[in-house]
Amino acid sequence: MSSWTLQQSTNEHLAGWNRPQVIKPEGDGEVLEVSMGPHHPSTHGVFRMDVKLDGEKVIGLKPVFGYLHRNHEQLGEKLSYLAIMPYTDRLDYFCSLSNNWGYAMAVEKLAGLEVPERADHLRVILAELTRFQNHASWIGFLAQEMGASGTPLMYAFREREKILDLFEELTGSRMMCNYMRFGGCRVDPTAEWLSETRKVVQGLHKFVDEFENLLTGNEILMSRTQGVGVLSHDLAVNASVSGPMARASGVNYDIRKVDHYGIYDRFNFRVPLGEHGDIYDRYMVRVLEIRESLSILEQALKSVPGGPILDPKAKSRGIRPKAGEAYGRIEAPKGELGFYLISDGAGSPYRYRIRPPSFINLTVLEDMCLGHNVADAILILGSVDIVLGEVDR
Amino acid sequence: MAQNLDQIFVLLTGWMVSYLPEWLRPYGVAVLGVVGVLAVYVTLFALTTWFERKGLGRMQNRYGPNRCGPFGLFQPVADGIKALTKEDLVPRSADQVVHFLAPLVLLIVICMGLAILPVGRNMVLVDMDAGLLFFFALGASTELSVFMAGWSSRNKFSLLGAMRAIAQMISYEVPLLLSAISAVMIAGTLSLPKIVEAQAGFSGILPHWYVFTPWGFAGAVIFGIAAKAETNRCPFDLPEGESELVAGYFTEYSGFKFAIFFIAEYLGMFSISSVSVTLFFGGWGAPLSFLTFIPSWIWFFAKVLTIIFVFIWVRATLPRLRQDQLMNFAWKFLLPLSLINLGVTALWRFMGDGWQRWIVCAAIVIVSYIVLGLWGMRRQHVAPRKYSYAD
Amino acid sequence: MLGEGIIKGLLETARNFVGSYVSKERLTTVQYPEERWEAPEASRTFPFLVYDGDEWLAGLRCTSCQICEKECPPKCIYIEKSADKKPDAVGKMQFYPTRFDIDISVCMSCQICVEVCPFDSIKMDRIFELSTDDRFEGLILDRQKLAKSNSYYHQIHPTEAAEVDAALASERAAAAAKAKAAAEAVAAKAAAAKAAAENAAPAGGGA
Amino acid sequence: MKTIEEIQAAIEAAVPGGEVTIVMNPSPAAQHSLLVGAGKAVAVAKFLRDDAELALDFCSNVTGVDWLDREIAEKVKVTKTVTKTVDGVEQQVEETVEETVKRAVPGYLECVYHLYSVAKKHGPVVIRMRTANRSDMVELPSLTPIWRGAEFQEREVFDLYGIVFTGHPDLRRILMWDEFKDHPMRKDYVLPDDFEYEPTPHDDVLKRAEAHRADVAQEGAAQ
């Protein structure tokens, strides 16, 4: 292997770089270095932040990754196209169905497959249910990181349970659904399942109201989150921040609207935007987004057509796309989830790459945390919405 | 009969020490009292851990502990056995002596505080003239042990937690004291039993508790908030804020030393709620005039448990404040408010009986609360927001 | 503002506190060992092998084609093919597995083996109380442990099993028809040959 | 949005000598890409980001691809002068003959950027850069100064593929630990032989398991 030397970067080269600001410690310049994680109660698993503190003020923060790294991408290069599907469940284990969709979409682009109407409706329903449960639990986790002894989290999990029950009834598994296939979906839902889903979706409205009662107006939550972890519009775009986090910074970019993938065009929904780009905006954008999700769900559930759920041309086993490449992306609950596939005509991809939204959203973690408190750093990390299965892959 | 039931523990003690020689009797009374108070409070502690977990669970739509014994009542016993049998780890680089002493100092100080609490009519272990002062003096020394624990552990999280604890406890002692002083001003005594007696009596069926006056209500609320900060309870649990500092100053404690911190925290919670009951909620007095037949000690503990329930309720609902906000809240909101409340108390004292003082005092309290609150939220740039949608 | 939000929140938790005593909607916990929850039909845990009839080895549908072994994403299936053949579910002579191990400590319950199996012989089970103190051998299910009767399959996945049975029955019927047709053809051929021979004989005689 | 050819022309016009060539993508996805020479890549990227019409301000995805050295067998038509005997006379005849020529294509590492525009809501434009070879000349210019979003992803590509990004502000390993030696996503990466007992070994694990069993047996015999 090559021996390499790290070249010193020149200043001219970095002229335009959006670098994090530099903060000098006050007073005698003594700095407390704390390694938060990998075993820390609120780093969402095994994530580490090397934090430099001046008193309790963060003056430097380096995220350290890789404690959950399992070389997922190389694993994919050794498996058949179909066998990768269950592995995508395990990327962002909160939203397995979104991951399924992203991967199926990339393969469909690569192989030129069509998705039947009914399957498209089902995909939208499942993806929005996933978004709902992800955002609701995220709000719970955020409150937990603020020290709210788990009450919002428990309420979120109570509702999540209902959604997971639906998933289990349809796909056979609560979290590792492995449901979508290239050119459609795996099992056809019964009419009972659809009507049950309608009933659950109706009940979720009440839950969101309750949730907002508990949190939105709370003065402690407002003072903890407003003006904390501000991310500017320009930095958000430049640093490829996507999903609700970008929209909280006022970036009007929702892939459901931009790429017109699936059948999102047919549904009426709005994209909430934040103005300040702080944690409160991220919270509110998610709250408003789940309300929009509920509206999409209601519309989609009204209009599920009959028909097949799998492209008749498609075969799941032994798929061998022609040589070429494709990049497919969807608006996953955490941001832009992309799958990049290169095929050389064999039964397994030559290159299988995942664009993990929460990993890339962490790029700006240091920028957001600098100058804030340790307690805020934890909260800012929480507001990014990471899942380590996806960050480390 | 009701009289006897009310005084049952006093009579029991008298009967038991009557078998002792004359010169030994005071000691006998003391020993019996200490044993009694400790036994009652430690039992209450055990019950409260169960009560808290059950209450939290129900508020979070869970069952809470329900595996050990009926309704999970033996859960504290199981927890105790677990704590006792766990390995006691001391970090190699820790200051061994201080690390060992810290929980003991905390527990001793907290237990001393229990001595002055009037838990029923004629039922106080030590009737000090300056009982309240003694209590606050002891409360101040708990900070020492917290810092000892944080400092000796040689852990960065512990140290941060200890520093937070010091800053927080010192800050919140000021509004705690100032709000207590209003009760002292009206009662005219520092002795806790006398403060209770000052609140005795009923108008119609309603009691003369201080909490039912404008200054008393404000004082009780301020005292309650400051008490939460003093006992490191949510939403002021920053020194042990789990999501930030792992476990704060007792991160490096395990086994029974950890349990001692746990016991001390709960006992501290009891003693401070007992004091607040004494100061503002009429101590062992019955809440309604026709309920006086129920023994005084039952009323006292019922009130204490109600306050504990409020502690739990708040814990289930609220997130935690940040350090600077916590300090701002203490110095820029609670302190001015309690000072104003002190003035209101004085006004109340000198305006004499009549409906005017009710209006004047209530108006001052409400207006200062609103002004201070709005000013504080403006300064923190906290406001509800409206959101727009992309087209 | 001014503590209003805090009070709203307190009321919300109080409502849930009371609600957890009166409403099953709020207190959703299932107290597991005593209470059991009926899993939906589609629910899946680990694979098992279906056999027809009463003899597990004779009735095993698996023909050890090894497709599942190849497709299994975490590679938890291990198959050894037999040297001899036995009739399969349809009645054709096929190989059978002399060894069929599934390491359920590796299995990730993705049910891809079920999807790719062309013989409907591997299906997903619903058992989950499988804990053991042996980390390695205790979590390996060999073919005998894996083999479960068709009636068990009907019990846990009734709809799916009925479909499978119908498909198998029609396949069997087709196979039987084919066999019959083949037999008839053979018979017809024989008859034809006989007739021809008979025809030929007089002709020969005539010559 | 402009077609790929138009983008190429625009880049050529704005950044002379940008060495931009189109790489066609034969799959139904038809996401063609632009191969950018490493020399002017930063300038090209800056143009792509700042150009008012393209405004590719969102660098969605950065990834490496490893292309091994390979041999291409091509059928080439070669015109040769052959001496032939035609009608008894020796003549020099030019003749076209098809020959199979084996050509070694050196391997390279490739870095692929998927660009989108948040402002104009179009994309993707795929640009790729290639290193000279896979061993010692693996430098590529970092595009982190243009798109901050490439920071961690370039670190990842460096970690897993070993492309050294010159001008990257903080080029360290990101997923593997710092002491790790190899680049695990390369196609010729050899798995470490840290075999663990597995009750149902497969394929190459089976081979290794057998080798280990033999080792153990040998050791046992030696003792």
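Going by the order they are written in, the chains are A, B, C and D; count residues from 1 in each one.
The criterion applied here is as follows: contacts are C-beta pairs under 8 Å (C-beta built on N, C-alpha and C of every residue); 3 or more make two chains touch, one makes a residue touch a chain.
Computed from a predicted model, the values in this text were never measured in an experiment.
Peer 1: Looking at the contacts, which chains touch chain A and chain B alike?
Peer 2: Shared contacts of chain A and chain B: C.
Peer 1: Counting C-beta pairs in contact, pick out the pair of chains that comes out on top.
Peer 2: A-D
Peer 1: What chain is the most remote from chain B, judged by the mean position of CA atoms in each chain?
Peer 2: Here the answer is chain D, farthest from chain B.
Peer 1: Between chain B and chain D, what's the gap in Å when you average each chain's C-alpha atoms?
Peer 2: Roughly 67 Å, centre to centre.
Peer 1: Take the average of all CA coordinates in chain C, do the same for chain D, and state the distance between these two points in whole angstrom.
Peer 2: 43
Peer 1: Just curious, how far off is chain C from chain B if you go by their C-alpha centres, in Å?
Peer 2: 63
Peer 1: Rounded to the nearest whole Å, what is the centre-to-centre distance of chain A and chain C, using the mean of the C-alpha atoms as each centre?
Peer 2: 35
Peer 1: Taking each residue of chain B in turn, which ones touch at least two of the other chains?
Peer 2: 59-62, 316-318, 377, 384
Peer 1: At which residue positions does chain C touch at least two other chains?
Peer 2: 1-3, 6, 9, 12-13, 16, 26, 28
Peer 1: Residues of chain D that contact two or more other chains, please.
Peer 2: None at all.
Peer 1: Which of the chains touch, listed as pairs?
Peer 2: By the stated definition, chains touch in these pairs: A-B, A-C, A-D, B-C, C-D.
Peer 1: In the complex formed with chain B, which residues of chain A make contact?
Peer 2: The touching residues are 32, 34, 40-42, 56, 143-151, 154-155, 158, 214, 217-224, 226-227, 252, 254, 257, 270-276, 280-281, 284-285, 288, 373-376, 378.
Peer 1: Write out the stretch or stretches of chain B touching chain C in their complex.
Peer 2: Those residues of chain B that touch chain C are 55, 58-63, 66, 313-314, 316-318, 369-370, 373-374, 377, 384.
Peer 1: State the interface residues of chain C toward chain B in the complex, per the touch definition above.
Peer 2: For chain C paired with chain B, touching residues are 1-3, 6, 9-10, 12-14, 16-17, 19-21, 26-29, 31.
Peer 1: List the residues on chain C that touch chain D in their complex, please.
Peer 2: 69, 75-78, 101-103, 106, 136-137, 139-140
Peer 1: Show me the residue ranges of chain C that touch chain A in the complex, using the header's touch definition.
Peer 2: 1-6, 8-9, 11-13, 16, 26, 28, 39-44, 67, 71-73, 108-112, 115-116, 124
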